[in-house]
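Paired with chain B in one complex and with chain C in the other, chain A is shared by the two complexes that follow.
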Partner chain A sequence: MIRKYKKDIIFIVAILGVALLLFIVFQLTKKPGKYVVITQNGKEIAKYELNEDRQVSIPYQEGKYNVLVIRDQKAYISTATCPDQLCVKQRSISKVNETLVCLPNKMVVKVIGDEPPHVDIMSGKS
Partner chain B sequence: MKKETKRFAILSIMIGLSLVLSYVDSLIPIVVTIPGIKLGLANIATIYVLYRLGIKEAIIVSILRVFLSALLFGTVVTLSYSIVGATLSLVIMIVFKRISSLHMITISILGAVMHNMGQIAVAMFIMSTKEIIYYLPILVITGVISGIGVGLLAILVLKYTQNIFHE
Partner chain C sequence: MHLKINKIACLWVGFLSIFVCTSCQCAFSKDKQYSKTYFEYFDTIITIIGYEKQEAAFIEKTTQIEKLLQEYNQLYDIYYAYQGINNLYTVNQQAGKQPVKVDQKIIDLIVYAKDMYEKSHQMMNIAMGPVLALWHQARSFAMDYPEQASIPTMQDLEQANLYTNINNIIIDEVNQTLFLKEEGMSIDVGAIAKGFATEEIAKYLMQAGEIPYVINAGGNIRVLGLKPDGSQWNVGIQNPDLLSSQSQIEIVSIRNLAVVTSGSYQRYFTVAGKQYHHIISPVTLMPSDTFVSVTVVSPHSGMADALSTALFNLSIEEGMALIAKLEQTEAMWIDANYQIHYSTHFQDYQYQGGKYE
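Coming up: the complex of A and B.
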């Protein structure tokens, strides 16, 4: 039985192994963040400091919005109008490059680190 | 009944079934809260057709399912997700079914994992946020789990419909 499906087992273990490796790499490269950046439809619309507690509503279309809460250096979505509520159920974020994603409202909240986000490559100024 | 008529009937039933399954799929809440995670129940029908009728028929079922379910239950955005997901998933299943002797469950796993990878790729593109790639490991793992489930179900369906659809 096992011999017959040896190839299959190797295959599945390899897929899981790669996933696990990626997961470990992603976890190890995380740093605590300074700001959260909110993008909607691919465009940056707002930026907030993580060490300032606040609550903001992010409007999308008529009657559609997400409420972002920043508390104790962590950000999470407390309320959303989307039907799946996935963003509300996601864990709070605080490390660089962690994201909260709301697919229906095309919104991404991303944690960024110390560096100024918009440095002009030519002049070096932000 | 003529053989061609029978194949045509099976094909039609499977298209209908895959539509219902993808609707059911969207109704089932999933505990892990990550965008793009779905059980992929509609893949039961696709795999069934791939093994029972053939490659051409599996492509037909996939294409019709994607467009009809977008028309009935989805939006343009969900359509782009499902086109990429379904195409990648079907291509890898067809290729590995042809070139390897891998078990049906493994083929199903490959399909599910590729589907999830496609979803991530589209999400990265649509939201122009490359950090969505951080969801990849968990989506691969859930793909393996749901792929096993879907593969087992497809085997059961093949087994129990042998007599009904006997050619």
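Coming up: the complex of A and C.
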């Protein structure tokens, strides 16, 4: 029985191995972030350093809010008024480009590496 | 049974490849930033930045761009002749003598420049060649002999100004000729040619759609599309106080627009401790001292270029009125006291963290 499916099993194990290896490599090459940027409705409203522990309430309209916690270089949402609570259930973020999203409150927390604003190009320098 | 396990294996492969792909954010098909810099055109440094999945696509576009740059640079050159072509130098040489058959690209530029003359309250005049030539000579001389530097005399400037009537530039679109009616006239397209050519390059790139490219022609910026992450281009505006630790005084966040900044700090020479820059007022025939920097954001790079010069020569009030009439066009002035002034809707373009939308 086992012999019959030996090739399949080897195949599956090999794939799993490769996937695991790739996953580890990509996890290791992810850059740890320096700041989190909070945007609401697309507008940047705040920016905090990841290496300063803090707890901030981010107000939205009519008594709605999210509470952002930064602890040990990681950021997560501890409490929120939104009905789905998806943002609270999300894993904490710490690497560049990772995000916490709360759709009902139109809020995005994103980890960035360098301090914004990032300038692509300069005008007037000849 | 055997078949079933194969199905499961297939499922696994599918699932895992999706997993691997998302965990590395599809590194294999990601747009990469490429750039290419040219030093030999329009007397400035020109850089093209573009995002492409394949380098070959970038090389293909920049190869074509270089051909265009070479062509426009030769056609719009007022200082040198090139074998086998009639350019603006040829037209100037034939002033008062005869019409010169020219490439349609020259006609297009001159037609556009005449229109900008009207739109700019006559403050950007390509017929100012004779006056600008005196200032150009003085600046070149000052570079070689700073000790003996001097500015042109008012007498000479006024004499030269007799030959600056833009209506004496005769365009014959049917026969594709250009004629300067009076001897002593000359065209100087320094305030518009670079921007106009930049827009032509932008047009070429836009044939491929709203692709994420930037053309930087010596600080004349033309951006196309959005960056691959969906964010707008952030264009820093040079702080006219070059000694400041902050190199940019403002950031605009834009798509499909041009940004041109004219600054008194860009080209100047010094006589007896006083700086004389390169933007000459058609009224006073002297460098305008109201501002140290003027930035124009506009859909057309040629317009942004021409207006940044024109606004330098107008008061804030006149400039504001002029800008208000033009669609999607905004300006920022920095006066001699380093006070910043904005046109009514400039704030729409100001960086406000739009990068993270």
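A few comments on the model shown:
Here is the rule we go by: the second predicted complex is superposed on the first by the 88 of 126 C-alpha atoms of A that agree within 3 Å, B and C clash if a C-alpha of one lies under 4 Å from a C-alpha of the other, contacts with A are read in each partner's own complex, and residues count from 1 in each chain.
Please note the rule applied: a contact is a pair of C-beta atoms (placed from the backbone, for glycine too) under 8 Å apart; a residue touches a chain by one contact, two chains touch by 3 or more.
Given the structure is predicted, the values throughout are model-derived calculations rather than measurements.
Of the two partner chains placed by superposition, only chain B is touched by A:98; chain C is not. Of the two partner chains placed by the overlay, chain B and chain C both lie in contact with A:8. Applying the stated contact rule after C-alpha superposition, one finds that A:22 touches each of chain B and chain C. Contacts of A:108 after superposition: both chain B and chain C are touched. When both complexes are overlaid on chain A, the residue A:42 reaches chain B and chain C alike. When both complexes are overlaid on chain A, the residue A:89 reaches chain B alone and has no touch with chain C. The contact surfaces that chain B and chain C form on chain A in the two complexes overlap at residues 5, 8, 11-12, 15-16, 19, 22-23, 26, 39, 42, 97, 108, 110. Against chain C, in their complex, chain A makes its touches with residues 4-5, 8, 11-12, 15-16, 19, 22-23, 26-27, 37, 39, 42-45, 97, 108, 110, 116-126.
Chain contact summary for the complex, chain C toward chain A: residues 2, 5-6, 9, 12-13, 16, 19-20, 23-25, 44, 49, 214, 216, 218-221, 223, 227, 233-238, 240, 247-248, 251, 259-263, 266-267, 293, 295, 351-357. Chain contact summary for the complex, chain A toward chain B: residues 5, 7-8, 11-12, 15-16, 18-20, 22-23, 26, 39, 41-42, 86, 89-90, 97-99, 101-103, 106, 108, 110.
Across the complex, chain A is touched by residues 33-36, 77, 100-103, 105-106, 109, 113, 123, 126-129, 131-132, 134, 136-138, 140-141, 144 of chain B.
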